Amino acid sequence: MKSLHVIRDPNERLGLEIASRESGQGRVSLLLIQDAVLTRLTLDGLAVYALADDLEARGVKGHARSVDYDEAVRLMVDHDKVVVW
Amino acid sequence: MKSLHVIRDPNERLGLEIASRESGQGRVSLLLIQDAVLTRLTLDGLAVYALADDLEARGVKGHARSVDYDEAVRLMVDHDKVVVW
Amino acid sequence: MRFGFLLTSGCESQDVYTVTKLARAALGQGHEVKMFIMGNGVHLLVDHPKNAWAEGWKAFLADGAEIACCGSSCEPRGVVRECLLPGVLFGSQYDHAEIVSWSDRYLVFG
Amino acid sequence: MRFGFLLTSGCESQDVYTVTKLARAALGQGHEVKMFIMGNGVHLLVDHPKNAWAEGWKAFLADGAEIACCGSSCEPRGVVRECLLPGVLFGSQYDHAEIVSWSDRYLVFG
Amino acid sequence: MILIRRAPIGSERAAEALRVAVGQTLASQRVAVIFIDDGVWAATALNPKAVQGGDFAKPIQTLTMLEQRLIADADSMAQREVRGVVSGVEVRPRGEVLDLVHGADVVIPY
Amino acid sequence: MILIRRAPIGSERAAEALRVAVGQTLASQRVAVIFIDDGVWAATALNPKAVQGGDFAKPIQTLTMLEQRLIADADSMAQREVRGVVSGVEVRPRGEVLDLVHGADVVIPY
(Lines give C-alpha, C1' and ligand atoms only; values in the text may rest on other atoms or scores of the structure.)
Protein backbone atom coordinates (compact mmCIF):
# COMPACT_ATOMS: atom_id res chain seq x y z
CA MET A 1 0.00 0.00 0.00
CA LYS A 2 1.53 3.28 -1.19
CA SER A 3 -0.03 6.54 -0.17
CA LEU A 4 0.48 10.08 -1.43
CA HIS A 5 -0.27 13.07 0.77
CA VAL A 6 -0.74 16.35 -1.05
CA ILE A 7 0.04 19.30 1.22
CA ARG A 8 -1.24 22.79 0.34
CA ASP A 9 -0.69 24.79 3.52
CA PRO A 10 2.75 25.54 5.02
CA ASN A 11 1.17 25.09 8.47
CA GLU A 12 -0.47 21.74 7.79
CA ARG A 13 0.08 19.48 10.83
CA LEU A 14 -2.42 16.63 10.75
CA GLY A 15 -1.55 15.55 7.21
CA LEU A 16 2.11 15.29 8.13
CA GLU A 17 1.34 13.48 11.36
CA ILE A 18 -0.60 10.86 9.43
CA ALA A 19 2.02 10.62 6.67
CA SER A 20 4.72 10.14 9.25
CA ARG A 21 2.71 7.46 11.08
CA GLU A 22 1.95 5.62 7.82
CA SER A 23 5.57 5.62 6.78
CA GLY A 24 6.12 2.84 9.32
CA GLN A 25 3.61 0.65 7.47
CA GLY A 26 4.26 1.27 3.78
CA ARG A 27 5.65 3.64 1.18
CA VAL A 28 4.51 7.20 1.67
CA SER A 29 5.17 10.20 -0.55
CA LEU A 30 4.47 13.90 -0.12
CA LEU A 31 3.53 16.29 -2.88
CA LEU A 32 3.89 19.93 -1.86
CA ILE A 33 1.69 22.36 -3.75
CA GLN A 34 0.53 25.97 -3.44
CA ASP A 35 1.97 27.77 -0.38
CA ALA A 36 3.29 24.50 1.10
CA VAL A 37 6.23 24.66 -1.33
CA LEU A 38 7.56 27.48 0.85
CA THR A 39 8.39 25.13 3.70
CA ARG A 40 11.61 23.16 3.92
CA LEU A 41 9.71 20.12 4.92
CA THR A 42 11.40 16.76 5.24
CA LEU A 43 10.19 13.59 6.88
CA ASP A 44 12.57 10.68 7.28
CA GLY A 45 12.26 8.13 4.53
CA LEU A 46 9.55 9.94 2.58
CA ALA A 47 9.89 10.93 -1.05
CA VAL A 48 9.06 14.63 -1.33
CA TYR A 49 7.83 16.20 -4.57
CA ALA A 50 6.78 19.79 -5.28
CA LEU A 51 4.73 21.30 -8.10
CA ALA A 52 7.01 23.18 -10.50
CA ASP A 53 4.54 26.02 -11.16
CA ASP A 54 4.11 26.65 -7.46
CA LEU A 55 7.87 26.72 -6.89
CA GLU A 56 8.32 29.15 -9.75
CA ALA A 57 5.45 31.40 -8.61
CA ARG A 58 7.07 31.75 -5.20
CA GLY A 59 10.64 32.06 -6.41
CA VAL A 60 11.86 29.11 -4.37
CA LYS A 61 13.87 26.07 -5.36
CA GLY A 62 13.41 23.89 -2.30
CA HIS A 63 14.90 20.47 -1.76
CA ALA A 64 11.91 18.59 -3.17
CA ARG A 65 11.84 16.93 -6.58
CA SER A 66 10.05 19.31 -8.93
CA VAL A 67 7.15 17.82 -10.92
CA ASP A 68 4.75 19.28 -13.47
CA TYR A 69 0.99 18.61 -13.49
CA ASP A 70 1.38 15.56 -15.75
CA GLU A 71 3.89 14.03 -13.40
CA ALA A 72 1.68 14.92 -10.42
CA VAL A 73 -1.21 13.01 -12.01
CA ARG A 74 1.08 10.07 -12.68
CA LEU A 75 2.13 10.09 -9.01
CA MET A 76 -1.56 9.96 -8.08
CA VAL A 77 -2.07 6.97 -10.35
CA ASP A 78 1.05 5.20 -9.05
CA HIS A 79 0.02 5.49 -5.41
CA ASP A 80 -2.89 3.41 -4.11
CA LYS A 81 -4.38 6.24 -2.12
CA VAL A 82 -4.21 10.01 -2.35
CA VAL A 83 -5.27 12.52 0.30
CA VAL A 84 -5.25 16.25 -0.41
CA TRP A 85 -4.86 18.24 2.81
CA MET B 1 -3.90 54.85 26.54
CA LYS B 2 -6.32 51.94 26.86
CA SER B 3 -6.53 49.39 24.10
CA LEU B 4 -9.07 46.68 23.38
CA HIS B 5 -8.12 43.62 21.36
CA VAL B 6 -11.02 41.69 19.89
CA ILE B 7 -10.09 38.05 19.29
CA ARG B 8 -12.17 35.90 16.91
CA ASP B 9 -10.01 32.82 16.35
CA PRO B 10 -9.10 30.32 19.10
CA ASN B 11 -5.65 30.03 17.47
CA GLU B 12 -4.92 33.73 17.27
CA ARG B 13 -1.29 34.32 18.31
CA LEU B 14 -0.14 37.72 17.07
CA GLY B 15 -3.05 39.61 18.63
CA LEU B 16 -2.29 38.10 22.02
CA GLU B 17 1.42 38.72 21.65
CA ILE B 18 0.74 42.40 21.02
CA ALA B 19 -1.86 42.63 23.81
CA SER B 20 0.57 41.06 26.22
CA ARG B 21 3.37 43.43 25.19
CA GLU B 22 1.11 46.47 25.48
CA SER B 23 -0.07 45.48 28.93
CA GLY B 24 3.29 46.68 30.23
CA GLN B 25 2.57 50.17 28.92
CA GLY B 26 -1.12 50.79 29.65
CA ARG B 27 -4.48 49.20 30.28
CA VAL B 28 -5.33 46.42 27.86
CA SER B 29 -8.56 44.46 27.58
CA LEU B 30 -9.51 41.43 25.52
CA LEU B 31 -12.93 40.80 24.03
CA LEU B 32 -13.39 37.19 22.91
CA ILE B 33 -15.94 36.66 20.17
CA GLN B 34 -16.95 33.92 17.72
CA ASP B 35 -14.87 30.73 18.09
CA ALA B 36 -12.35 32.44 20.37
CA VAL B 37 -14.81 32.10 23.28
CA LEU B 38 -13.94 28.39 23.24
CA THR B 39 -10.46 29.01 24.59
CA ARG B 40 -9.70 29.39 28.27
CA LEU B 41 -7.53 32.30 27.57
CA THR B 42 -6.06 34.42 30.33
CA LEU B 43 -3.27 36.94 30.24
CA ASP B 44 -1.90 38.37 33.47
CA GLY B 45 -3.45 41.66 34.41
CA LEU B 46 -5.80 41.88 31.41
CA ALA B 47 -9.55 42.25 31.72
CA VAL B 48 -11.16 39.53 29.59
CA TYR B 49 -14.68 39.85 28.20
CA ALA B 50 -16.65 37.48 25.98
CA LEU B 51 -19.72 38.02 23.80
CA ALA B 52 -22.77 36.46 25.46
CA ASP B 53 -24.33 35.23 22.18
CA ASP B 54 -21.12 33.48 21.19
CA LEU B 55 -20.81 31.78 24.58
CA GLU B 56 -24.40 30.62 24.36
CA ALA B 57 -24.06 29.37 20.77
CA ARG B 58 -21.12 27.19 21.80
CA GLY B 59 -22.57 26.03 25.11
CA VAL B 60 -19.62 27.31 27.12
CA LYS B 61 -19.51 29.49 30.21
CA GLY B 62 -15.83 30.37 30.29
CA HIS B 63 -14.11 32.51 32.88
CA ALA B 64 -14.53 35.76 30.97
CA ARG B 65 -17.03 38.46 31.84
CA SER B 66 -20.03 37.99 29.54
CA VAL B 67 -21.13 41.11 27.60
CA ASP B 68 -23.90 41.72 25.08
CA TYR B 69 -23.47 43.73 21.87
CA ASP B 70 -24.42 46.99 23.58
CA GLU B 71 -21.80 46.47 26.23
CA ALA B 72 -19.27 45.45 23.57
CA VAL B 73 -19.86 48.75 21.77
CA ARG B 74 -19.47 50.63 25.05
CA LEU B 75 -16.16 48.85 25.63
CA MET B 76 -15.04 50.02 22.19
CA VAL B 77 -15.97 53.58 23.05
CA ASP B 78 -14.28 53.42 26.46
CA HIS B 79 -10.97 52.22 25.05
CA ASP B 80 -8.82 54.60 23.01
CA LYS B 81 -7.97 52.03 20.37
CA VAL B 82 -9.63 48.85 19.15
CA VAL B 83 -8.07 46.15 17.00
CA VAL B 84 -10.14 43.25 15.68
CA TRP B 85 -7.96 40.21 15.00
CA MET C 1 -18.61 58.45 17.81
CA ARG C 2 -17.86 57.21 14.29
CA PHE C 3 -17.72 53.45 13.75
CA GLY C 4 -16.23 52.09 10.54
CA PHE C 5 -16.44 48.44 9.58
CA LEU C 6 -14.50 46.45 6.99
CA LEU C 7 -16.03 43.12 5.97
CA THR C 8 -14.09 40.87 3.59
CA SER C 9 -15.72 37.47 4.20
CA GLY C 10 -18.94 36.09 2.75
CA CYS C 11 -21.70 33.86 4.07
CA GLU C 12 -19.14 31.12 4.88
CA SER C 13 -18.20 33.06 8.02
CA GLN C 14 -19.95 34.35 11.13
CA ASP C 15 -18.41 37.76 10.45
CA VAL C 16 -21.44 39.21 8.69
CA TYR C 17 -23.58 38.28 11.68
CA THR C 18 -21.19 39.85 14.20
CA VAL C 19 -20.80 43.01 12.11
CA THR C 20 -24.56 43.34 11.78
CA LYS C 21 -25.10 43.00 15.53
CA LEU C 22 -22.31 45.41 16.51
CA ALA C 23 -23.34 48.00 13.93
CA ARG C 24 -26.96 47.77 15.09
CA ALA C 25 -25.87 48.31 18.71
CA ALA C 26 -23.67 51.25 17.70
CA LEU C 27 -26.52 52.91 15.81
CA GLY C 28 -28.83 52.30 18.76
CA GLN C 29 -26.42 54.20 21.00
CA GLY C 30 -26.44 57.17 18.65
CA HIS C 31 -23.11 56.47 16.95
CA GLU C 32 -22.55 56.89 13.22
CA VAL C 33 -21.77 53.85 11.07
CA LYS C 34 -20.05 53.38 7.71
CA MET C 35 -19.16 50.03 6.20
CA PHE C 36 -16.82 48.97 3.44
CA ILE C 37 -17.29 45.55 1.96
CA MET C 38 -14.83 43.75 -0.30
CA GLY C 39 -13.59 40.26 -1.23
CA ASN C 40 -16.24 37.55 -0.90
CA GLY C 41 -18.27 39.96 1.22
CA VAL C 42 -19.59 41.69 -1.90
CA HIS C 43 -21.83 38.69 -2.64
CA LEU C 44 -23.76 39.56 0.54
CA LEU C 45 -24.88 42.85 -1.01
CA VAL C 46 -26.58 41.34 -4.04
CA ASP C 47 -30.30 41.98 -4.28
CA HIS C 48 -31.77 38.48 -4.60
CA PRO C 49 -34.78 36.89 -2.86
CA LYS C 50 -32.75 34.34 -0.84
CA ASN C 51 -30.28 36.88 0.54
CA ALA C 52 -30.68 36.43 4.30
CA TRP C 53 -28.87 39.71 4.98
CA ALA C 54 -30.75 41.97 2.56
CA GLU C 55 -33.31 43.25 5.08
CA GLY C 56 -30.54 44.00 7.55
CA TRP C 57 -28.59 46.11 5.05
CA LYS C 58 -31.75 47.96 4.03
CA ALA C 59 -32.52 48.74 7.66
CA PHE C 60 -28.98 50.10 8.14
CA LEU C 61 -29.32 52.34 5.11
CA ALA C 62 -32.72 53.53 6.35
CA ASP C 63 -31.14 54.36 9.70
CA GLY C 64 -28.46 56.54 8.15
CA ALA C 65 -25.57 54.10 7.90
CA GLU C 66 -23.51 54.14 4.70
CA ILE C 67 -22.50 50.97 2.86
CA ALA C 68 -19.90 50.95 0.09
CA CYS C 69 -18.30 48.05 -1.67
CA CYS C 70 -15.16 47.51 -3.71
CA GLY C 71 -15.80 47.47 -7.46
CA SER C 72 -12.54 45.58 -8.05
CA SER C 73 -13.80 42.75 -5.85
CA CYS C 74 -17.18 42.78 -7.59
CA GLU C 75 -15.92 42.53 -11.15
CA PRO C 76 -14.30 39.07 -11.19
CA ARG C 77 -17.21 37.79 -9.09
CA GLY C 78 -19.83 38.85 -11.62
CA VAL C 79 -21.38 41.33 -9.21
CA VAL C 80 -22.37 44.31 -11.36
CA ARG C 81 -23.58 47.66 -10.07
CA GLU C 82 -27.17 46.93 -11.12
CA CYS C 83 -27.45 43.80 -8.98
CA LEU C 84 -26.51 45.52 -5.70
CA LEU C 85 -29.14 46.42 -3.13
CA PRO C 86 -30.46 49.94 -3.73
CA GLY C 87 -28.48 52.50 -1.75
CA VAL C 88 -25.24 50.51 -1.63
CA LEU C 89 -22.36 52.44 -3.22
CA PHE C 90 -20.45 50.61 -5.96
CA GLY C 91 -17.17 52.16 -4.89
CA SER C 92 -13.41 51.78 -4.82
CA GLN C 93 -10.47 51.69 -2.43
CA TYR C 94 -10.67 55.46 -2.46
CA ASP C 95 -14.01 55.21 -0.62
CA HIS C 96 -12.38 52.72 1.71
CA ALA C 97 -9.61 55.18 2.52
CA GLU C 98 -12.19 57.91 3.19
CA ILE C 99 -14.07 55.65 5.60
CA VAL C 100 -10.87 54.69 7.43
CA SER C 101 -9.89 58.32 7.94
CA TRP C 102 -13.47 59.26 8.90
CA SER C 103 -13.70 56.56 11.60
CA ASP C 104 -12.93 56.92 15.30
CA ARG C 105 -12.97 53.14 15.64
CA TYR C 106 -12.24 50.92 12.66
CA LEU C 107 -13.26 47.29 13.01
CA VAL C 108 -11.94 44.74 10.53
CA PHE C 109 -13.69 41.41 9.92
CA GLY C 110 -12.48 38.92 7.35
CA MET D 1 -8.63 5.77 -14.06
CA ARG D 2 -11.43 7.86 -12.58
CA PHE D 3 -10.50 11.19 -11.00
CA GLY D 4 -13.04 12.96 -8.79
CA PHE D 5 -12.53 16.51 -7.55
CA LEU D 6 -14.26 18.41 -4.77
CA LEU D 7 -13.87 22.19 -4.84
CA THR D 8 -15.32 24.24 -1.99
CA SER D 9 -13.38 27.51 -2.30
CA GLY D 10 -14.01 30.44 -4.60
CA CYS D 11 -11.81 32.89 -6.45
CA GLU D 12 -10.15 33.94 -3.16
CA SER D 13 -8.03 30.79 -3.32
CA GLN D 14 -5.56 29.20 -5.71
CA ASP D 15 -7.57 25.97 -5.49
CA VAL D 16 -9.58 26.55 -8.65
CA TYR D 17 -6.34 27.05 -10.58
CA THR D 18 -4.74 23.88 -9.20
CA VAL D 19 -7.89 21.82 -9.81
CA THR D 20 -8.11 23.09 -13.37
CA LYS D 21 -4.50 22.19 -14.11
CA LEU D 22 -4.66 18.73 -12.53
CA ALA D 23 -7.97 17.87 -14.18
CA ARG D 24 -6.61 19.01 -17.55
CA ALA D 25 -3.54 16.81 -17.10
CA ALA D 26 -5.70 13.84 -16.05
CA LEU D 27 -7.92 14.22 -19.12
CA GLY D 28 -4.84 14.51 -21.31
CA GLN D 29 -3.62 11.16 -20.03
CA GLY D 30 -6.92 9.53 -20.89
CA HIS D 31 -8.41 9.49 -17.40
CA GLU D 32 -12.05 10.30 -16.69
CA VAL D 33 -12.92 13.37 -14.61
CA LYS D 34 -15.94 14.37 -12.53
CA MET D 35 -16.11 17.43 -10.32
CA PHE D 36 -18.39 18.46 -7.50
CA ILE D 37 -18.42 22.10 -6.51
CA MET D 38 -19.95 23.51 -3.35
CA GLY D 39 -19.57 26.34 -0.82
CA ASN D 40 -18.09 29.52 -2.30
CA GLY D 41 -16.94 27.47 -5.27
CA VAL D 42 -20.40 27.67 -6.84
CA HIS D 43 -19.82 31.33 -7.71
CA LEU D 44 -17.11 30.14 -10.13
CA LEU D 45 -19.73 28.36 -12.23
CA VAL D 46 -21.86 31.40 -12.95
CA ASP D 47 -22.12 32.36 -16.61
CA HIS D 48 -21.01 36.00 -16.64
CA PRO D 49 -18.64 37.85 -18.99
CA LYS D 50 -15.93 38.50 -16.37
CA ASN D 51 -15.74 34.90 -15.14
CA ALA D 52 -12.08 34.03 -15.72
CA TRP D 53 -12.79 30.31 -15.34
CA ALA D 54 -15.79 30.00 -17.67
CA GLU D 55 -13.80 28.96 -20.75
CA GLY D 56 -11.95 26.36 -18.70
CA TRP D 57 -15.17 24.76 -17.45
CA LYS D 58 -16.64 24.78 -20.97
CA ALA D 59 -13.56 23.05 -22.31
CA PHE D 60 -13.81 20.38 -19.58
CA LEU D 61 -17.44 19.73 -20.45
CA ALA D 62 -16.56 19.55 -24.15
CA ASP D 63 -13.85 17.02 -23.32
CA GLY D 64 -16.27 14.74 -21.50
CA ALA D 65 -15.74 15.78 -17.89
CA GLU D 66 -18.83 16.16 -15.71
CA ILE D 67 -19.37 19.13 -13.43
CA ALA D 68 -22.06 19.19 -10.75
CA CYS D 69 -22.68 21.70 -8.01
CA CYS D 70 -24.54 21.72 -4.73
CA GLY D 71 -27.94 23.38 -4.93
CA SER D 72 -27.94 23.98 -1.17
CA SER D 73 -24.76 26.03 -1.49
CA CYS D 74 -26.20 27.91 -4.45
CA GLU D 75 -29.46 28.98 -2.85
CA PRO D 76 -28.27 31.32 -0.07
CA ARG D 77 -25.70 32.73 -2.49
CA GLY D 78 -28.30 33.75 -5.03
CA VAL D 79 -26.92 31.35 -7.64
CA VAL D 80 -29.98 30.00 -9.46
CA ARG D 81 -30.00 27.14 -11.92
CA GLU D 82 -30.49 29.51 -14.87
CA CYS D 83 -27.31 31.46 -14.18
CA LEU D 84 -24.98 28.44 -14.27
CA LEU D 85 -22.81 27.74 -17.28
CA PRO D 86 -24.63 25.47 -19.75
CA GLY D 87 -23.88 21.83 -19.06
CA VAL D 88 -23.18 22.23 -15.34
CA LEU D 89 -25.55 20.10 -13.25
CA PHE D 90 -27.48 21.94 -10.53
CA GLY D 91 -27.26 18.98 -8.18
CA SER D 92 -27.27 17.85 -4.58
CA GLN D 93 -25.17 15.93 -2.07
CA TYR D 94 -26.62 12.81 -3.66
CA ASP D 95 -24.65 13.62 -6.81
CA HIS D 96 -21.64 14.25 -4.63
CA ALA D 97 -21.98 10.80 -3.05
CA GLU D 98 -22.26 9.24 -6.51
CA ILE D 99 -19.07 10.96 -7.65
CA VAL D 100 -17.19 9.88 -4.52
CA SER D 101 -18.15 6.25 -5.01
CA TRP D 102 -17.42 6.45 -8.75
CA SER D 103 -13.89 7.82 -8.24
CA ASP D 104 -10.66 5.86 -8.02
CA ARG D 105 -8.91 8.97 -6.68
CA TYR D 106 -10.86 11.66 -4.89
CA LEU D 107 -9.10 15.00 -4.52
CA VAL D 108 -10.47 17.58 -2.12
CA PHE D 109 -9.69 21.29 -2.44
CA GLY D 110 -11.20 23.89 -0.16
CA MET E 1 -14.32 9.40 5.80
CA ILE E 2 -14.93 13.02 6.71
CA LEU E 3 -12.47 14.83 8.99
CA ILE E 4 -13.76 17.81 10.95
CA ARG E 5 -10.70 19.72 12.08
CA ARG E 6 -11.94 23.24 12.72
CA ALA E 7 -14.05 24.96 15.32
CA PRO E 8 -17.79 25.07 14.61
CA ILE E 9 -20.00 28.10 13.94
CA GLY E 10 -17.36 30.80 13.37
CA SER E 11 -16.92 29.28 9.94
CA GLU E 12 -19.53 27.20 8.18
CA ARG E 13 -16.99 24.50 7.31
CA ALA E 14 -17.77 22.13 10.17
CA ALA E 15 -21.51 22.29 9.47
CA GLU E 16 -20.83 21.80 5.75
CA ALA E 17 -18.73 18.72 6.53
CA LEU E 18 -21.64 17.15 8.41
CA ARG E 19 -23.96 17.92 5.49
CA VAL E 20 -21.50 16.14 3.19
CA ALA E 21 -21.37 13.18 5.59
CA VAL E 22 -25.15 12.80 5.62
CA GLY E 23 -25.13 13.10 1.84
CA GLN E 24 -22.65 10.26 1.48
CA THR E 25 -25.15 7.87 3.04
CA LEU E 26 -27.60 8.61 0.20
CA ALA E 27 -25.54 6.52 -2.19
CA SER E 28 -25.77 3.73 0.39
CA GLN E 29 -22.18 4.28 1.39
CA ARG E 30 -20.64 3.78 4.77
CA VAL E 31 -19.29 7.02 6.09
CA ALA E 32 -17.32 7.82 9.22
CA VAL E 33 -16.92 11.26 10.75
CA ILE E 34 -13.80 12.08 12.73
CA PHE E 35 -13.76 15.07 15.09
CA ILE E 36 -10.13 16.01 15.60
CA ASP E 37 -8.03 19.05 16.63
CA ASP E 38 -10.34 22.11 16.90
CA GLY E 39 -13.04 19.94 15.32
CA VAL E 40 -13.77 18.24 18.65
CA TRP E 41 -15.72 21.34 19.65
CA ALA E 42 -18.18 20.47 16.86
CA ALA E 43 -19.04 17.26 18.75
CA THR E 44 -20.09 19.12 21.91
CA ALA E 45 -23.57 20.39 22.81
CA LEU E 46 -24.04 23.54 20.74
CA ASN E 47 -26.79 26.06 20.27
CA PRO E 48 -25.88 27.68 16.94
CA LYS E 49 -29.27 29.37 16.65
CA ALA E 50 -28.04 31.96 19.14
CA VAL E 51 -25.95 33.39 16.28
CA GLN E 52 -28.04 32.14 13.33
CA GLY E 53 -25.56 29.33 12.71
CA GLY E 54 -26.24 26.04 10.92
CA ASP E 55 -27.49 23.06 12.91
CA PHE E 56 -25.19 20.34 14.26
CA ALA E 57 -27.53 18.23 16.37
CA LYS E 58 -29.73 17.05 13.51
CA PRO E 59 -27.05 15.75 11.13
CA ILE E 60 -25.28 14.05 14.04
CA GLN E 61 -28.56 12.43 15.07
CA THR E 62 -29.25 11.33 11.50
CA LEU E 63 -25.82 9.75 11.15
CA THR E 64 -26.24 8.00 14.50
CA MET E 65 -29.63 6.61 13.47
CA LEU E 66 -28.10 5.35 10.24
CA GLU E 67 -25.46 3.62 12.36
CA GLN E 68 -22.55 5.49 10.87
CA ARG E 69 -19.49 5.92 13.06
CA LEU E 70 -18.79 9.28 14.67
CA ILE E 71 -15.49 9.45 16.53
CA ALA E 72 -13.84 12.20 18.55
CA ASP E 73 -10.12 12.23 19.29
CA ALA E 74 -9.57 11.96 23.06
CA ASP E 75 -6.21 13.76 22.89
CA SER E 76 -7.66 16.77 21.06
CA MET E 77 -10.40 16.88 23.70
CA ALA E 78 -7.98 16.72 26.60
CA GLN E 79 -5.80 19.49 25.17
CA ARG E 80 -8.85 21.76 24.88
CA GLU E 81 -10.38 20.66 28.20
CA VAL E 82 -13.43 19.38 26.33
CA ARG E 83 -15.04 17.01 28.81
CA GLY E 84 -17.98 15.55 26.95
CA VAL E 85 -19.36 14.95 23.50
CA VAL E 86 -22.95 14.53 22.37
CA SER E 87 -24.66 11.16 22.32
CA GLY E 88 -23.73 8.99 19.35
CA VAL E 89 -20.10 10.14 19.23
CA GLU E 90 -17.44 7.67 20.44
CA VAL E 91 -14.23 8.90 22.04
CA ARG E 92 -11.03 7.11 21.00
CA PRO E 93 -7.33 7.76 21.59
CA ARG E 94 -5.51 9.67 18.86
CA GLY E 95 -3.44 6.69 17.74
CA GLU E 96 -6.56 4.69 17.04
CA VAL E 97 -8.17 7.62 15.23
CA LEU E 98 -5.11 8.10 13.01
CA ASP E 99 -5.14 4.38 12.16
CA LEU E 100 -8.76 4.70 11.07
CA VAL E 101 -7.79 7.57 8.78
CA HIS E 102 -4.94 5.47 7.44
CA GLY E 103 -7.38 2.64 6.70
CA ALA E 104 -10.00 4.75 4.93
CA ASP E 105 -10.33 4.53 1.14
CA VAL E 106 -11.42 8.13 0.73
CA VAL E 107 -10.51 10.94 3.10
CA ILE E 108 -12.29 14.28 2.90
CA PRO E 109 -10.48 16.72 5.22
CA TYR E 110 -12.59 19.69 6.24
CA MET F 1 -1.31 50.19 9.25
CA ILE F 2 -1.81 47.02 7.26
CA LEU F 3 -0.53 43.70 8.63
CA ILE F 4 0.22 40.94 6.15
CA ARG F 5 0.38 37.74 8.15
CA ARG F 6 -0.31 34.98 5.64
CA ALA F 7 1.55 33.38 2.80
CA PRO F 8 1.07 34.96 -0.63
CA ILE F 9 -0.58 33.47 -3.73
CA GLY F 10 -2.30 30.40 -2.23
CA SER F 11 -4.90 32.80 -0.91
CA GLU F 12 -5.60 36.20 -2.39
CA ARG F 13 -5.52 37.85 1.04
CA ALA F 14 -1.92 39.09 0.92
CA ALA F 15 -2.45 40.63 -2.53
CA GLU F 16 -5.72 42.17 -1.36
CA ALA F 17 -3.95 43.68 1.65
CA LEU F 18 -1.45 45.43 -0.64
CA ARG F 19 -4.32 46.72 -2.77
CA VAL F 20 -5.89 48.16 0.37
CA ALA F 21 -2.56 49.73 1.36
CA VAL F 22 -2.18 51.48 -2.00
CA GLY F 23 -5.79 52.61 -1.72
CA GLN F 24 -5.17 54.23 1.66
CA THR F 25 -2.68 56.61 0.08
CA LEU F 26 -5.46 57.97 -2.17
CA ALA F 27 -6.99 59.85 0.75
CA SER F 28 -3.51 61.34 1.32
CA GLN F 29 -3.01 59.13 4.34
CA ARG F 30 0.20 57.72 5.61
CA VAL F 31 0.13 53.97 5.52
CA ALA F 32 2.61 51.39 6.73
CA VAL F 33 2.69 47.76 5.66
CA ILE F 34 4.05 45.14 8.05
CA PHE F 35 5.08 41.72 6.75
CA ILE F 36 5.00 39.35 9.70
CA ASP F 37 4.67 35.60 10.42
CA ASP F 38 3.89 33.80 7.12
CA GLY F 39 3.39 37.24 5.59
CA VAL F 40 7.17 37.72 5.22
CA TRP F 41 7.02 35.46 2.18
CA ALA F 42 4.90 38.16 0.50
CA ALA F 43 7.92 40.49 0.71
CA THR F 44 10.19 38.16 -1.27
CA ALA F 45 10.72 38.07 -5.03
CA LEU F 46 7.63 36.35 -6.43
CA ASN F 47 6.40 35.42 -9.87
CA PRO F 48 2.65 34.95 -9.28
CA LYS F 49 1.94 34.92 -13.02
CA ALA F 50 3.18 31.32 -13.09
CA VAL F 51 -0.11 30.38 -11.41
CA GLN F 52 -2.26 33.32 -12.59
CA GLY F 53 -1.90 35.00 -9.20
CA GLY F 54 -2.25 38.71 -8.43
CA ASP F 55 0.78 40.97 -8.67
CA PHE F 56 2.94 41.91 -5.67
CA ALA F 57 5.81 43.79 -7.26
CA LYS F 58 3.73 46.68 -8.57
CA PRO F 59 1.89 47.67 -5.37
CA ILE F 60 5.14 47.34 -3.40
CA GLN F 61 6.88 49.58 -5.95
CA THR F 62 4.03 52.11 -5.82
CA LEU F 63 4.13 52.26 -2.03
CA THR F 64 7.91 52.67 -2.10
CA MET F 65 7.66 55.51 -4.62
CA LEU F 66 5.08 57.20 -2.41
CA GLU F 67 7.56 56.88 0.46
CA GLN F 68 5.30 54.74 2.61
CA ARG F 69 7.02 52.41 5.04
CA LEU F 70 7.18 48.69 4.29
CA ILE F 71 8.65 46.61 7.09
CA ALA F 72 9.38 42.90 7.40
CA ASP F 73 9.85 41.19 10.75
CA ALA F 74 13.38 39.80 11.00
CA ASP F 75 12.38 37.08 13.44
CA SER F 76 9.62 35.75 11.18
CA MET F 77 12.16 35.72 8.33
CA ALA F 78 14.78 33.86 10.36
CA GLN F 79 12.28 31.21 11.49
CA ARG F 80 11.32 30.57 7.86
CA GLU F 81 14.88 30.84 6.53
CA VAL F 82 13.80 33.76 4.36
CA ARG F 83 17.09 35.47 3.51
CA GLY F 84 16.08 38.50 1.52
CA VAL F 85 13.20 40.83 0.80
CA VAL F 86 12.53 42.96 -2.25
CA SER F 87 13.83 46.48 -2.57
CA GLY F 88 11.88 49.06 -0.60
CA VAL F 89 11.13 46.76 2.33
CA GLU F 90 13.04 47.40 5.57
CA VAL F 91 13.87 44.54 7.92
CA ARG F 92 13.43 45.24 11.65
CA PRO F 93 13.53 43.05 14.77
CA ARG F 94 10.18 41.77 16.01
CA GLY F 95 10.14 43.91 19.13
CA GLU F 96 10.45 47.07 17.07
CA VAL F 97 7.74 45.85 14.66
CA LEU F 98 5.34 45.13 17.51
CA ASP F 99 5.97 48.58 18.96
CA LEU F 100 5.04 50.11 15.61
CA VAL F 101 1.78 48.16 15.65
CA HIS F 102 1.19 49.35 19.19
CA GLY F 103 1.72 52.95 18.09
CA ALA F 104 -0.58 52.81 15.05
CA ASP F 105 -3.98 54.53 15.19
CA VAL F 106 -5.67 52.04 12.91
CA VAL F 107 -4.59 48.44 12.46
CA ILE F 108 -5.95 46.36 9.60
CA PRO F 109 -4.84 42.75 10.14
CA TYR F 110 -4.91 40.65 6.98
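By written order: A, B, C, D, E and F. Residues from 1 in each chain.
Heads up, the rule we're going with is that a residue touches a chain if its C-beta (ideal position, glycine included) is under 8 Å from a C-beta of that chain, and two chains touch if they have at least 3 such contacts.
As the structure is a computational prediction, the values presented were derived from the model and not from experiment.
Touching subunit B and subunit E at once are the following chains: C.
Taking B-F and B-C together, the pair of chains sharing more C-beta contacts is B-C.
Over half of the residue numbers at the interface between copies subunit C and subunit D are found on both sides, making the touching surfaces mostly the same. In whole angstrom, the spacing between the mean C-alpha positions of subunit D and subunit F is 33. Once the centre of each chain is set as its mean CA position, subunit C and subunit D turn out to be 29 Å apart.
The distance from the centre of subunit D to the centre of subunit E, with each centre set as the mean of the Cα atoms, comes to 25 Å. The geometric centre of subunit B is 40 Å away from that of subunit D, both derived from CA atoms. Counting partners per residue, subunit F has 9-13, 51, 53, 107, 109 as the residues that reach two or more other chains.
Looking at subunit D, one finds that residues 11-12, 14, 18, 39, 52, 106, 108 touch two or more other chains. Annotation for subunit B: residues touching 2 or more other chains are 8, 34, 53, 83-84. Because contacts link the chains in a way that matches no line, ring, star or complete pattern, their graph is best described as other.
Across the assembly, chains come into contact as A-D, A-E, A-F, B-C, B-E, B-F, C-D, C-E, C-F, D-E, D-F. Listed in rising order, the residues of subunit C touching subunit B in the complex are 1, 3, 14-15, 18, 21-22, 24-26, 28-29, 31, 105-109. Those residues of subunit E whose C-beta lies close enough to touch subunit B in the complex are 7-11, 38, 41, 44-51, 53, 80-81.
Across the complex, subunit D is touched by residues 6, 8, 33-34, 51, 53, 68-70, 72-74, 76-77, 82-84 of subunit A. Those residues of subunit E whose C-beta lies close enough to touch subunit C in the complex are 9-13, 51-53.
Of all residues in subunit B, only 8-11, 34-35, 38-40, 53-54, 56-59 touch subunit E in the complex they form.
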